[in-house]
Every structure is written in structure tokens, then in C-alpha cells.
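A, B, C and D are the chain letters, set down in written order, and residue numbers restart from 1 in every chain.
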């Protein structure tokens, strides 16, 4: 196992810049997930780490080794493909040992390694089948086996679970987490599924447009998204955004939701960091679960448009003075459609963004943390 | 509902087809059979002539039932028909052709496969330009390159030799095989190659272990193509052969297309069929490689 | 705040030596082909172009005689008719052969019983040389020996099939024989490609409720376009090289109604001993080829772009 | 018989050898007689050559004549001209012009070729005053093959000798439902028929139009008359002739489906092979001549010798030329080919077909009358490009409804265009 350090990586295809100044440090044994919409550059970054693509600029270090110019086979990494890329003409056993063969590992050692991995992944009965004779989940295991057997310095996963059905995906997810706990490998994992990102990772890297948007642990990403993009991308149902005007005076700020019948949200003394925005507009980001049917919070009068019970909770699509809102409430809460209800907004949990830069307006206590991150990137 | 009530369907029987499906199947087979009949017609004519007496063919017509059935033509064509100086039938020419065609086919196919792989699955500067240039070679009319080849072969000291003719076919054939293989391999999933790279396989190992096992359909197509066209090629065969080495087309032409001599349609037809046997054997044996799903599990 | 990345930060990095060497492997593999086909294509063609500008007749003479050979060609009816025939024949032949081949492949793809046998039947014509193909179809299409006589014998006296005896229609006889020859090969190539197309694509189409025909047209055929391009190129080169088939089938007749450029080139180069003129005709053929080939290439390129864009 | 002859030949040759040869004479002959009776005939040459002490080798090129020429050209360009090649007509002169051909004057003088070779051939064999080739045979082009049953069916007893007589009989046949004229559908078959008609109209016309390529003659009234006659005969052909080879019309004639077929004497070989008999199935005569004189269109196969550097091959050329010119070879070679010897001093025995024997008589008579012409349609008269150009017009005429005047004008234009 080894740490991975990505330094000022750029990637250009002709005039199109696919990756822009990527810097990332991944610690030994860390599980890092790259997420982002398709085309954000996460797969390109993975290919570059794997050595399947050249970098246009920048360097990669795996442990102490500079691997920037090494071909994939010399990097000692393993990659699990979205399509699994199992060799269709080889048996499962051959698929798993192919990499060992290429590295001239003695036969008996190969056999031992296969047995070990097969046992670990519970694919012993499948060893003599061809990939075409396997189910999706089995193929996935074989693909993992092929990666595990070589004991590489770094594991790369390219949306490995996206071809599985929902139930299997959850199972495999758990299994991967267990495996990681047991074996402690360094993992870079690409996905567009935020649940996977949240559940699996030690740290999440959110990417968009070839740039890193935020690097942080799942909690921070979810609760303190660094910008509008991360806020909107992470979380399902997505965060509600309300453009509000900050009024009042320092210490007694209010957010006013404009419209035919403006709604005033008194912020009190809780959001002093907004003082510089007095008289300006900001974007208020509210997670759906922070609109609660009762308890403390700012009361919001809404009309219920749609009620969608999902099992564990009830999702409400609401209209508040002409603004659409989504709320996630406890399962037993079932207001009638078209009825008017009052929800309590947990304004403390809300994120506020500067609409011009899209950046989060950090609260007083978290400012330091953001500053250190920025400082580290600059260094 | 109790267990006893449960009707267990007979799982061994196939689901009966609807009337529409049956009509569809009937139409399908009807079209295929009619086409097969159309395609077989010329073969039937040649086959019938191969068991007719030449005199009958000359006196009656080229198309007709044998009034006198003879199998002699086959024997004559194979081993006693007179071609040029010697009355050896097509036998020696058949083997001479084999000696030339088999290496030429194998080499040009192998080179084509490697080229196709290099052009599609490996980072190659100006792969497209190279491909276009090679494709141009497919179009050069043989008449145009005949004389340049004559000069080139005589420079190489290979004029009128088996090696020389094979070389001509390998070089010309490589254009075709590269075209075929490149266009086949471009559809193989890139992930397989990447996976092999990560597994530590180099160019040749990836080719040998991953790409080649996935290529039987195109190998068959290429082999059929190369084999039949080198086998049937006439102009170069005649120009670059000598009395020591003469391919079967020369013999076939002798038996079938004479300007003003007496044509031997009987054993000429038999010889045509004999010459068609090797490619037909390849077609039949190669058939199983067209079975569906060869790449399943690899392609998403 | 991190400093906004500037374009100036980005400088292409020189490749390492190991990297460059590993990139040389495929080039080394291609090198023999590049050299040999380079000579075969460029040197031979340039030799041919030079020859066309000389005064060579029986044997090559290396002098310069201007472009006379190029212009006088177009006064020769054998040449002009040939060019026109090639255009017409090429269009029909390529269109029909592709159509028949693709339709047969699709039919064969319907889990047909006896597939091996049927496939071999459809494929065998490609094993038969053009000379034999032409001769046999001459027998079949000739009214006095072939189908017409056969049908008349069966009692239908009014049956007439004067395809190869009329100047206007003889070219279609060539088309029929040529389609017969190549359709099976096209079928096999397409079938091989169809078998490579993931079944899920078809299933997805079926679920979307598309009729089979549209599934093939909209989903399957676009998926196998490289093979279709191959087919197109193969047929195009057959068309351009059309020679022995016509000689055996119609001998370029009736009259000169089915003569072809390749026949003209061969006549001039070898029978008539007019090397310069033959070479000039060949150069015209190559020019025509480029004109026809460019759109095909453009199509190939466009399709690839589209595919690349979607990925 | 053959044995005796070979023995005799070996004797003569051995005599020659004793006088001059040190190295074993070698040859490699390039020719297009690759199969059937043609190949047998050429093998006889090989046997005789070996019996005479030479070492025989041959390269037979199947297919069209142009394949042989392609091969020759490839060999010459790559620097190994063959020692002996089967070539004919003006082509011999063309190759002689390149300066690559060998000079056989000494041998010709020694063996007195000038005297014995048919006069029409001499100029072909020595195009620039030097003997560069040896003739192997004489083919007659202007044969009229007639079906005996068809003749009987219309009550004709004598074969027609003028085109008017022919037209009368053909007309009757048409009434009887017999196809009067059998014909094949390839340009050289068209050309063969037309040159036969032209010779029948006037020998003078043939010479001016097809040998001198005189533009006035090519578009003159006589040429139009020839086209008129051709148009008449096209009307008597069945519909199915286009694309047909040259053998099928022969079968139609011999089977009595058709009355006449105008074609060269290689037809004899095929009729022998198919088992048709003279005076039972078919009759033969020279084609009609309006002038009443005997006519003769001549075609000849010959062997051209290319200069060699090796002594044994030079000796081999002399020996081969000498062997070709022996009366024995000339007989053996031509018996099955349907042609007659190129030497005028050879009498034909019973093993020859009656038509071949008549051929020789007709040739002598025509030579006497000065009506022997060299075949345009079979590459004996004009260079290939003119021949092809004229074929184009003739074939177009036959398959379209072009009028004779246009056709004649286009003949002249075709020739001009090729200059």
C-alpha cells in the first residue's frame, strides 16, 4: 500500500482542457471517492492515475516513486472497470491469474493467490467458467478478484457497481467497505452515485468541469458544501435554493424572500457572518430534511402539492409563496394534498452562498478550516 | 388455493407459436430457400457439366441434363487432362498453388491482424492517415501495377518464382487484411486492452492473449478472402510463373477459356469444382466461429 | 482562496524515454507494411503517372511527351462508354449487393435452422473465379442456351429473357452476375458483425416497442458501421477492377455497350502496345477513385466523430 | 509413320549439329497454345526439337492473346526477353523496331525460306528486311460453313459463290424457319464476319480499307455496300447471339438449326472433337466473292526470336526456326489445328480434313489471282488500336440500327481518332 500524490495535473485533448490544475494528496490506506456529473473529468483523472492516459502537465507520486512516466504495468496498481473488462475467452481462473502470469509469478504461487482471493470473494465454484456464464454480480466479484490478487499499491475503481441491480449494489457496497476495513488498501473510487460516495469514502472529491470543487469527508461535503455546485450535486432530493435579500441591521438580520407576497425570515443573531451582505442578495440552501413538521425553527407556511411516501419517510413537494420547495418528513406525517401546512425551518443548518461567486459564506466557526484548505492548495 | 390445484405447466414443451409467428417463419424460410436456389443455379450448371461427356455439351447445350452420365471428367481433370506440355491434370498445379497460397494467406492475415490491432487499440500517431494510405492500395487495378511489379521482382531476383508471386500477393493482400481487421477491431471494447495493460501485458502479449482469441470471425473472413482471391488470381499468376512453378488458375484457364482451341467443358467444369473445394472447406469449417455471443461478457 | 488557474500554468510536458520507446512498438509492427505498401502504392503509381507523360508505346521510354494522352482518351467511345458503364454498374452493384447481403444476414440472424449449410451456399460464389462466373452466367442468361430455352422447353413458349442480347440491358446482366458473386461475402461479413452486437441493444429496442425492421435500421446497423464501410470499400474496388467477369459474360458487348475502364486500360497497355495511353487511362481511373473515395472517407470520419462525441 | 519421320528429322538435324554446334541448343518458347489439340501440336514441335538435339522448354500462357503479350512485355521490361515467342502480324514489325529481335537471315538464306513461304507472309516475317520470325501455319479466315441438312431443306445443291446467291439461299432458309446465319457475339467474331464480307465485295476495298487504312475507302460507297450486306445478314441472325462464344454458332450450324456460319478454319478442330462429319453434317467453301475470283483472307501464327546473350540459346533459336520450317513439322502441327502449312510446297495427305485440302488449293489459286489479303480481324493487317477502333464501329453497327452511311463514316473517324 502506498499514498498517492497528484501535483498540478493538467490534461488537454487538442484545445479542449479536460483537467485543470488538479492537486490531491491521498494518504496510505485512505478510501477516496471521486464524484461529479458525467464529463466532469473524474474518469480521465482515474485513467491518468492508472497510466492509461498521459498527463499534459504535472506529476504523480505513488509512495515515494515518481510514476508520472511509468506505463500502467510498472505502476503496480489495479483497476476495476465499469464494464468489468473480463477477458471473454478466458476462464475466471485465467482472468485472475493473467496479471500474475505477465509478471512471471511462479505457478504454485499463482495457484495459492487465486485460491486465497477466490475464498475471500466466495467465487471458488466459478473458477472454471467463462465470463459469459456468470451473472452480473459474479462478474463484478471476478473483476475485484483480478484486482486483489496482485496485491497492488493502489486500487482504482471506475463505477464498479453501476451495472448491478439495486439490491446487489447495496450488498456489494457493504462488502467493499468490509474488504477495505480488513485489507486497508489505498483506494480511488469513481462514481456518480452519491450514496456510494457518502457511504464508502473516507474523503470525497467533488469534481466539475475538469476542476476539483471540494475535497472533504462525507459529513463536511454534505453539511458544509463549499459552493453551489457541490450543494446542488450532493444530496437527494436535492437541496432547496432560495434567493433572498438580507435586510435589517447587524445582530438582527432578516432574509426576505421577494415576490408578490414577500416572506421575511428573521435570522436573529445566529448568522452574523451575513452582515457584510446587508442589502444584498444571497442564496439560501436548505436541505429537505431541515423542513420539519413541528418543533423549533422558523415557521414557513406552504401549500402541499404532492405527497410521496418513500417508506422510511414522506417527501413533500411544496409551494411557498410561489417558490418550489421539497421537504423530507417522518413517514408517519401525511398531510393532505392541497392543504396548507406550517413547517419549521432549521435555519442553523442552512447553507448560505454568495450568488456572484457561488461560494459558501462560511460561518464564523468554520472559516478557519476553509482558510487552511485554501492555504494548503496554494502551497 | 391448495398445492394440488396448482397446474404445473409442461416445461419441456416449447411455447406454441402464434399464427403470425408461424407465417413469419414460413416467409423467412421461403425467402432463404428461394435465394439459395438462385445462388445454387450456376453451381448446378457446372456440376451437371462435370458429369457430362464433352461431345454432348458441344452438341447439345451448355445447360442440360446429362444424357450419358460420366464420372470420368473428374478423374481426367485431376490427374490426366493435358495442360501445356504434360498430361498431369490439375493435380500438380493444385499443390503448387497450395504451396504459394497458404503461406501468402497466413502471412498477410497475420500481418493484417497485427496492423489492425496497432491501428485501433494502441496509441498511434496519425493512425487514420496510415489507414487511408493502406486502403488506397486496395483499389489499384492489377493491370496498372503489373509492369512495375515485373521490374521490382526482377530487381529482387524473384522474377518468375513461387516466392516472388507469394510476395506480390502478401503485399497487395496486406492492404485488404489490414482494412478488414482494423474495421473489426475498432469495435472490440477498449476496456479489455486497458485491463490487459494494467495487468502488465505488453503489445504482443495483449495481442496474443486477448485480441487474437476474440478475432476468429474476422480471421475467417480474411482467410476466405485472401485464400480465394490469391487462389483465383490469374493475371499475376500467368505473368510471374514459369514451367517450374505454375498455379492452378493457369490450368483452369487452359481448360476453360480458350480463344480458338477446342474447349473441354466436361473436365473443365470438374476442374473448376476441384479448385473450389479448398475455399469451400474453409467456409464450412470456419462456420462455427460465427456463433453468436463470442464477445458477450466483455461488451457492455 | 486558491489562486485561479491560469492558462499560462499549463505547459506540455516532454515525454520520457521509456514512454517513447513503448510507443514505438506499434509503429515497429506497422513498419514493414508501411514500407512495402508505400512502395507498392506511391512508387508504382508515380511510375505509372510518369509513364503516362512519355511517348511509350510497346516498351517504356523515359522521355516527356506532354498531356496529349490524357485528352485524346475522351474522344474514344470505348473509354467514354466504359466510364459511364462503370458509374452505372458501380452504383447498382454496390447498392444491390449491400442490400441483398444485409437482408440475407438479418434473415440468417433469426436463429435459422441449417445455418451452416445455408451460409456455405450463399458464400460459395466468392470461391468461383470471375472468369467462370462470367462464363456460367453467359450460358444461363443466353436465350438460346439458358433459362429462356429451359422455360420454353417446359412449355411456356412466350417466355423471353433478352437481358444480355440488348444493348440497353446487357449491363444489368453484368450487375446480376456480379451481385451473385459478392452478396454472400457481404452477408458473412455483416453476419459476423451482427453477432458482435450486444443483444441488450436489440432487447432495449424491443422493449421500446420498435418493430424489428426499425431496430435493425436504427440500432443494429449503426452499431456495425465500420464493417459496412469495409463492405463498401470492397465492393467499390471490385467495381473498379471489373474486368474478367465482363469479358467472359458479354465480352464488352453487344457492341461496346458493356465495356469498362479496366478493360480499356488492359487493352491499351498490353494488347495494343500503347503504354502511355494505357497509363493515362489508369491515372484517370485513379483520379475518379479519389473523387469517389473522398466522400466515403468523409462519411467514415463523420461517423467516427459522432461516435467519439457520444462516448 | 511418326517415328520414321522423327528419325529422319533427327538425322538431318544431327547433320546440322555436327557442322556448327558446340553448346547444347536450348530454347524456351513463350506461346498461348496451352491446351487441347493446340498444346498437342506444340508438344510435337518440342519432340522434334529434342529429337534434333535441342533442349526444349516452353511457357504456355492461357487465356487471351493479350495475356501472352503482357507476359512478354513483363519479361522484356524486367530484362529477360524469351528466346522465342509466338507473335503475329504487324506486332512482329513493332517488336523488330525495338531492336531486340534476332536476325535469322543466314538461316533463311540457307534453307531458302524466301522461295517456299507463302508470298503474303514473307513481308510479315521480315518487316525491316531481316527475317526475325518463322511462320508455323496459315489459317484461312474467309470460310463459309454450311449445314448440309439446311441446304437440303431448301433444295440448294451448290454452295453460293457470290453474295447475291448467298442472299437468295439464306432468304429461303428463313422462310423454312431455319436461322440463315449463325453468329457469335464478341467483337472479334463480328470483325471476322465483316472482313469476310468486305473481301467478298472487293479485294481492292479490303486492301485500301483494312491494310492501308485509306480514309476514302473506309467511308466510300463500297464500304457502305459491305455494311448493307452485313445489315441484311444481321436480320438473318437469331436474337440470342450477343455474348455467345464462337463455338455455339458452330454447333447450331452443324445441328442444322442454322444454315451458314462464317468463321476461320480452327472450327475444324472443334467439329472433329464434337464428332461432326464433313459432307454429312456440314459443308465448307470459301466465302462468296462478287468478283468471281477466288478469295483468301490469311492469318498466320509465327514465332519471333529475341536476341539472346547465351550461346546455347542462340544455337537453340536457329535449331528451333529450322525445326519449325521443316515440312514434317508444318504438317504435324496443322493437322488438328484446322490450318495448313505456311510452306506452299507441302502436299496434304488423307489425315487432313477435306476442307483443309481445299484450303491449300484455294490458297494457290488466290495467290495466282493476287487476291490473298492479310486478316484485319486477326491482327495481321493493322496495329491493335486501329483494329479495336474498327471493331467498335462494326459491333455497334450489328447491335444497333445504325445506317450504312453513318457506319462507313464512323469507320473513317475511328481510324482518324487513333492516329
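Just so it is clear, contacts are C-beta pairs under 8 Å (C-beta built on N, C-alpha and C of every residue); 3 or more make two chains touch, one makes a residue touch a chain.
Chains and their UniProt names: A = Sugar ABC transporter ATP-binding protein; C = ABC transporter permease; D = Probable sugar-binding periplasmic protein.
Remember, predicted model here, so these are calculated numbers, not experimental data.
Contact with both chain C and chain D is made by B.
Chain pair with the larger contact count among A-B and B-D is B-D, by C-beta pairs in contact.
Placing every chain at the mean of its C-alpha atoms, the farthest one from chain C is found to be A. Every chain gets a centre from its CA atoms, and the centre nearest the mean of all protein CA atoms is that of C.
The geometric centre of chain A is 52 Å away from that of chain C, both derived from CA atoms. Separating the centre of chain A from that of chain B, both taken as means of CA atoms, is a distance of 54 Å. Separating the CA-averaged centres of chain B and chain D is a span of 41 Å. If you average the CA atoms of chain B and of chain C, the two centres end up 16 Å from each other.
For chain B, the set of residues that touch two or more other chains comprises 62, 146-147, 202, 234, 253, 257, 293-296, 299-300. Counting only residues that touch two or more partner chains, chain A has 71.
Looking at chain D, residues 64-65, 67, 70, 73, 77, 245, 248 sit in touch with two or more other chains. The touching residues of chain B, when paired with chain D in their complex, are 54-55, 58-59, 62, 82-85, 146-147, 150-151, 153-154, 159, 234-235, 238-240, 242-243, 250-251, 253-255, 257-264. Note for the complex: chain A touches chain B at residues 47, 50-52, 71-73, 77-79, 81-83, 85-90, 98-99, 102-103, 130-132, 134, 139, 146, 150, 163.
Listed in rising order, the residues of chain C touching chain B in the complex are 22-23, 25-27, 29-30, 32-34, 36-41, 43-45, 47-48, 60, 100, 104, 107-108, 110, 112, 115-116, 118-133, 135-137, 139-140, 144-146, 149-150, 180, 183-185, 188-189, 191-193, 195-196, 198-199, 223-224, 226-227, 229-230, 233-234, 236-237, 240-241, 243-244, 248, 262, 265-266, 269-270, 275, 278-279, 282, 285-286, 289, 293, 297, 301. Of all residues in chain D, those touching chain C in their complex are 64-67, 69-70, 73, 76-77, 91, 94-95, 97-98, 185-187, 238-245, 248, 252, 383-385, 388-389, 392, 395-400, 417-418. Contacts from chain C toward chain D in the complex involve residues 57-60, 72, 75-78, 138, 141-145, 148, 162, 164-167, 170, 173, 247, 249-257, 266-274.
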